[in-house]
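Each structure below appears as structure tokens.
In what comes next, subunit A is part of two complexes: it sits with subunit B in the first one and with subunit C in the second one.
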Partner chain A sequence: MHGRKRESTASRLERRAKSLPKVKLLQKLHKEIVHLQNADDNEKGKDGGGGDDDDDDHDTKTQKKMESLMLTLTQKLVEIQPEMITCWNKRKARFCLYVVVRQQKNEEEEEERLKNVAKEELHVSEQGLRRNPKSYCAWEHRRWVIARLYDRILSSSSSSSSERGNEDSSLLPFMKDVVLREREMLETLLNADDRNFHAWNYRRFVVDKITRYYFNGEHDRMNEEEVADDVIENRTREEEAKYAREKISKNFSNYSAWHHRSVHFEQLDDDKNQASVTTETSSSSSPTRFQAVLDAEFELVSQAFFTEPEDQSAWMYHRWLLSQLDAYSSSSSSSSKNAYKIQTFQRELDRITEVSEMEPTCKWPALVCARLHKLLAKEMKLDDDFERRADVILKHSIKAKELYEKLLLLDPLRKGYYRDVLDRML
Partner chain B sequence: MTSSSVSSLRLLHSHKHVEFIKNSSLDTETIEYALTEHLRLSGMYWGLTAHKLLVMNKNNQEDKEVKEEEEEEIMSKEDVMKFINECYDEKSSLFAGAPGHDGHLLYTLSAIQIFVLYECVQEQLSEERAKKICTAISKLQSKEDGSFAGDEWGEVDTRFSYCAFSALSLLAHGMGEECFLDDGLEALKIGGSDDEKKEDNQDKNRSKALGIMRKIVDVDKGCEFIMKCRNFDGGFGSTPGGESHAGQIFVCVGALQICNQLDLLYTADDDEEEENDKLAWWLAERQVKVGGLNGRPEKLPDVCYSWWVLSSLAALKKKHWIDLDKLKAFILRCQDDISGGISDRPDDEPDVYHTFFGIAGLSLMKHEGLEEIDPIYALPVRSVRKIGIESDWY
Partner chain C sequence: MTEEKNDGKKDENEPAESFPTRAFDVIVLGTGLAESLIASSASKIGKKSVLLLDANDHYGNSFGTLTEARGTDETLFKGWSVPVCLTRSGAVLETHDVVTIDDDECLLASLRRKFSVDVAFKFSLGDDRLTEEVCNSEAYKYLEFKTLEKSFVCVGTSDGKTNGKKGEFEFVPVPASRAEIFENARLSPTEKRGLMRFLKKARDVALEGTGVNYGRGDDANAPIGAPGTEYTLDAEREDEGTFFANDGDNNSSSSSSKNTSMKAFLMESPNDLSEITSDAVAHCVSFCPSVTTKLRGRASEMLITYIRSMGKYGPETPQAGLIPLYGSGEVAQAFCRVAAVSGAITALRQPIKKIERKNSESHIEVLTKGGRVLTCKKLVLGDAQGDIEMVGFANDEIITPNRRESSKFCINRAVLVTNRSMVGSDEAQHRVFVAIPPAARPGKLYKDEDEFVCFATQLDYSSRCCPKDTFIVHLCQKSRRTVPLQDVFADILDNIFSKVKQNGEETKKPTILWGTSYRTPDVDDDIVESFKSDDFVKFPGADCNVTFEETVRLARSANGCLFGDDANASSLSFDTLPLFPKAPQKGEEREEEEEVTGDGETIDLNEDEYALLRDL
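Moving on, here comes the complex of A and B:
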């Protein structure tokens, strides 16, 4: 069992005896829930013949009774074990009955009922998450309910927009409230465990799919979604990058937040953005927008590894930033881009050499310096006047080798990796 | 090195683990048993596969004891098959985690894996049922982006891509070509043509199976979706944008490998070492000081990652990038020396899940006396060979 301390045989037996009533309860629930399905199936089978009003009435009553029994039993079970997927499925099947647009007389009434059912499902999912904040099924149930509401709003706005605008629908303000609540709940959960990847995934879902339309302000964005998409996407990216940064500054070791930042990292294309403004003449002395963004990112990550040099989160991110430089300069070859790349490699090398002097037994600065030396040697070989720089190239290669050899001792667990790198450098 | 002296102190308690697995399946009145009802079929797969790995190879450390044990199975084959067939859900044409539950890809793979383990795919699956399962799986693939849902309710996760591809591949190998011929031999030929240039048997079998898979699902689009789940660190998440996680990497690497598209991980330029190494290096960084592996940076080690990480490294041919002696010692330290079983970390309560993944990890490291396990299909090498899977990834 994940994280439970080992017990003696005696205390195992004692625990077994103590949990017996709960075991019996679970067994009973399983049996009833499986049976429920069969009863439900039979019911449908019998219905085929049709009948008079009394029968219909009777059937609706039985159905209502069955429904409420199903709700009670499944809720009981998922509150103990939220991974019981069949329970959630039964609840989803029932939810589907309420989410269909019938376009009939009582739309208002229908919407009220739908809202209540949605609240109910979100509540049960929350109960499941209380039991296990990492329950795949409980998170998925939430995502599913919200996605269905969202579909319903989209479909009703497209089908009825000509007769009466969607501003009549009470679902829009309802969704806004729901999303607000979701954000609060996520905040609580991420504060309790800032590495819960389910919560991070769900946040991305809420932000990407929903917030764009319902949270960022005006409800009736629906009509102008085409126009606004770009702007909204940019705003969302900025907000999320900022959010990640907040989480990072609270805890530099929050790898999930670094990851989140990478997802929302703005891939600016200088050639498009500044084609008219910047030409080769403006050279490397005045950074382009993307260069400024990258520089700031290197600055942020260096704060992290200066503070916690043994923590791998920031180093992983740093490695990625270096690869972004490569992608950037190869997108279109220009000498100013290349100069910027080499200049940045050099700056990072100086900076991290400093860390390595402060932390001589820490493997991370040694590893990153080794890589930077290797990268610099490679870059210079590609350069036009590489003959002139042959001695510099040799110096970088030798330094890289020295450092990888040092890493064999600093980080013996990964000897095999360092040996492979060294072999390839021969 | 101190690590090897540590590992020599501890033996693998094969006999006790067999006992532990048996007891866990017999004592149905424990809270652990009751709480895992929904995944009973996967639980069976863990227990039965661990048992096979322990006893299949006669040259076991505790030779005599285990040889006797071998006669006495965890469950009789008859009971196992009866249970699996009770888990089949007619409505979805998939297997459920337990009788009466809803069918799901996760348990469909477990069921097929157990059939392969017992060398009885054709005996247990009629052609009709096999085809129904294939159709059900094809319906779970999104035409839009190639992703797979776990069931009709639409949860998307790269885990399900692996389940779909692995299940289809095992069926394609295990059911034999004839099963898939009647809806057009031609389609099979077209689908497999580009793979069929390679000469040896291994490739022939694989491309035949891939040809069959191509008739059922969109293999390329499925792989494209997996690549959309790749991250800044080279790892994979459950959906696009999801954080890298060793378990998720296992399923993505495995799925790509089954589809013969592992090349997608690498740039065309061999010179891009750093770029090409990044996934395997990230996996190597999962090993922590005590020798165990974690699933994500700055997390505690856990025996189950011995499997998720090491099998991925094996598929990438980089097992030697971590200290295997230290990992072995860590797993052996997680054994319950008294009542058997393996736990997530030393001195925690053991369970069947960690017992399986611990033994599977040791098997990947060719631990003495253990049958070798295939890092992609998570079944004994000998079992997958029986259905014609000859892999070169270990």
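Moving on, here comes the complex of A and C:
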């Protein structure tokens, strides 16, 4: 975790030595679970081979016993060390038995059992996350369980819709509860540590896969069929961008939040074509919707690097924004788009030159300035009247070279990279 | 919710109930914050027999609450007023009503029990002396705090920079943390950088030696963006201590820089902050009571304390200020309770007639008005205890009313009950602190060369000091005694608030439903130096500071004089020694606590888990 007092090497070694017998014990238990799995497989093999009723009864009994043993053991272990993937896999295998659609008569009972098992799995995964909120395995298990449930709902509704319509879906309201609970849990986790990228990833999973198609906050899409897909999509995108913005305003050194914003920003590409068509026909100089959004975003990120030029996350997002500009103008080349692009490059160059002057020892503004000079030189070469602007182009490329040479001194760790860039520029 | 603790006695002259003993180690007269701190510490930590008495029928005195005011027929509700004990003893010099209530049927009359109006409202910071004492003394059992949501500095709009009317105020958010700087639209990019640099340096000084990994420039392992790393300095990192303490010595060329004021220091090179930002930092972060407050000493110490306090309790509470629920009077009471719980005898309505130091018997005799004679080895005297005859005390141990009269300055306070937030109703923040520097007040009615700042603290329902849809505003400002009390806040009351309820047109200004103002003597810093004897301490009333810091400091050095080692008895270094030593931390006892690292190599189980797994 961030900002904690660091442990000394001596005390760390001592702690390790002290915990050694316990580690040994855990490893032993881990082995046992692997064997348990093998035994289970053997049972199955036998089961497939032959089977009269007595044997069957006996088998289910031992199986039940094995299963409960496996469940207790794995739960205990993942609560202590949630990265023990064997335990999670064992649990996944068991979950699969319940999630398959069997097309039997007592479907209700089956669904009830599935719900209980799902609740159990989510609970165990939550216990794992309590121990380590950044456990890959525990997060993946959670994601996997929800995805399976979701698949099950999709398959059962498609297979049974012809016969019984929607009435069988006791799973749907259950799913809705689960998703709402997931969102609550995410809220708590992200409030506790807003840089937990696992939680951010999972949030996107919950929002994209489920919320967007099935439930949107209070509104149940199942009941309001008339709401169009893109309306829901837009609403979700706005909500998520706003959420990321809130987190950024609390602490902008947050790659995850900037990334989250970029993910829900990217989709503006979709309507940029429509937007540009309307403005080009009206030939007005006012910025298109996309341009306005992009400008506001540049402004926001500049506030971050003016406050703290040493912080990388803002620069990374700035770089991503510049790349968006490229994608924007290349999607359908037009003179107004190119003009906007060059104009933006120029504006950003002026802005960051100011940062660079204030913080001459900071590498980030120097690096971004060098890139912008390079980009401007490149863009102008592509322009029709580039001969007229030859001196400007030359000026930009000379400036870029100067800056890269300065970076060799400022950031000696990456001088190989800067040399390479310089060589390519020749 | 006016606190009126009644111990069952009706007449103040009635003899006190018999105490189990008449000889005590310590007798404390008065229940103000400093007095209760000493009483609780002596009882809980010093294991001494303590008697805590107050002449009045309520706790706190100048750290307590206002009392309900009644008309002549004793039934008409007239708002609140300064307790009689304070005016009688000279702790309050004069009062002046701002808005009075005549209608007994009004809203406030019916809701009056829901108010808790402090005489001198103060708050604490997350990492200041008071919080330390609260945590270590277990007084936290009786207290709750909420954060101060936001700080503002006022800017006069008469300069035409903004489109407000002449003489009106604009509330500018104070950028004290990185997030606040980032969000502040008013700061120019250059200034953002400048302020950030300044705070970084201060943060470096603040965190030096705390063991927090705050990520120096050369520490490649500090996680990027970890709290503290935003303040990382690289090669230009300065030596600790040169930042504030020696800045005068460094520029020895100019002799005046040693006496630089906080504000001037911020505006000068290399900080080069604008006037508004300098005001914001000087008055809302360092809490300088005047524009001319010196950089050295208290002001820079408060700045460091403030920076340490921000985010102390996790990312969800980035603010530094903590408001005690039910008013700051609760704090003094909580320490009285700590004293009582650890064995001190506490009683109200115990007026004292005479105290006499008997050098021959090396104890002090206390004679109550009820005619009881008590003795003690150490005596602590608070304010507003009535006229007490003092025998055997040196002149400088007695702060006579005359001495108070001679002081050039005084503290002015005003308390208002309003119907809406002064920082705009659309703002979500209601628990706010506002500094109104003199530069923002061209319309004030008097001239002064001292340039004192007016501090305003606004509380809402969530602070449990007032009912829903009402707000309490505490104003506090030092001034010369020659300035009439009614002139001190006149322009602020006119510009920020309106006194009459306008029914017709919708006004944006909050209406004052009730308000009063009063003046108390200035509590000089040099009183601290009068702690010379090791058997007697006299505390003044509440000071002009908006935090409890100075009062706790005073209590600490008094405690040092009374109970400290003889060698250091006269020194003032005690103010850093807490009254309550740090309790052993839970973490230290639980070394067996399990920890899991990502690589799964070291796993610590607690004994329960270990046993459980062994059994499986």
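The definition used in the following text is that the second predicted complex is superposed on the first by the 321 of 426 C-alpha atoms of A that agree within 3 Å, B and C clash if a C-alpha of one lies under 4 Å from a C-alpha of the other, contacts with A are read in each partner's own complex, and residues count from 1 in each chain.
Note that a contact is a pair of C-beta atoms (placed from the backbone, for glycine too) under 8 Å apart; a residue touches a chain by one contact, two chains touch by 3 or more.
Everything quoted here is computed from the prediction, not taken from an experiment.
Based on the superposed arrangement, let me know which partner A:R371 touches: subunit B (first), subunit C (second), both, or neither?
Touch status of A:R371: first partner only.
In this superposed model, does subunit C or subunit B come into contact with more residues of subunit A?
Answer, by number of touched residues of subunit A: B.
Check whether A:Y417 is in contact with subunit B, with subunit C, with both or with neither, and answer first, second, both or neither.
first
I'd like to know which partner A:M84 touches here: subunit B for first, subunit C for second, both or neither.
both
If you stack the two complexes on chain A, which partner ends up touching A:V392: first (subunit B), second (subunit C), both, or neither?
neither
For A:R204, select first, second, both or neither according to whether it touches subunit B, subunit C, the two together, or no partner.
first
Counting only touches as set out at the top, which of subunit B and subunit C does A:S313 meet: first, second, both, neither?
The answer is both, since A:S313 touches subunit B and subunit C.
Could you tell me if A:A304 is touching subunit B, subunit C, both of them or neither one (first, second, both, neither)?
Only subunit C is touched by A:A304; subunit B is not.
State whether A:H259 touches subunit B only (first), subunit C only (second), both chains, or neither.
After superposing on A, A:H259 lies in contact with subunit B but is clear of subunit C.
Who does A:S323 touch here: subunit B (first), subunit C (second), both, or neither?
first
What is the shared patch of subunit A, the residues that subunit B and subunit C both contact?
2-6, 15-16, 19, 22-23, 26, 80-81, 83-84, 195, 253, 311-313
Touching residues of subunit B toward subunit A in the complex: what are they?
Against subunit A, the touching part of subunit B is residues 29-35, 37-39, 96-102, 104, 151, 153-155, 157, 231-233, 237-239, 241-245, 271, 273-275, 278, 281-282, 284-285, 287, 289, 291, 296-299, 302, 318, 320-323, 326, 336, 338-339, 343-345, 347-351.
Subunit A touches which residues of subunit C in the complex?
178-179, 181-183, 189-190, 192-193, 196, 211-214, 221, 223-230, 232, 234-236, 314-316, 318, 594-596, 598, 600-605, 609-610, 612-614, 616
Could you pull out which subunit A residues touch subunit C in their complex?
Listed in rising order, the residues of subunit A that touch subunit C are 2-6, 15-16, 18-19, 22-23, 25-26, 29, 72-73, 76, 80-84, 131-132, 134, 191-195, 249-254, 302-304, 306-313, 351, 354-355, 358-359, 361.
Enumerate the contact residues on subunit A facing subunit B in the complex.
Touch list, subunit A to subunit B: 1-7, 9, 15-16, 19-20, 22-23, 26-27, 30, 34-35, 37-38, 80-81, 83-86, 88-89, 92, 136, 140, 144, 195, 197, 200-201, 204, 208, 253, 255-256, 259-260, 262-263, 265, 311-313, 316-317, 319-320, 323, 326, 371, 374-375, 378, 412-417, 420-421, 424.
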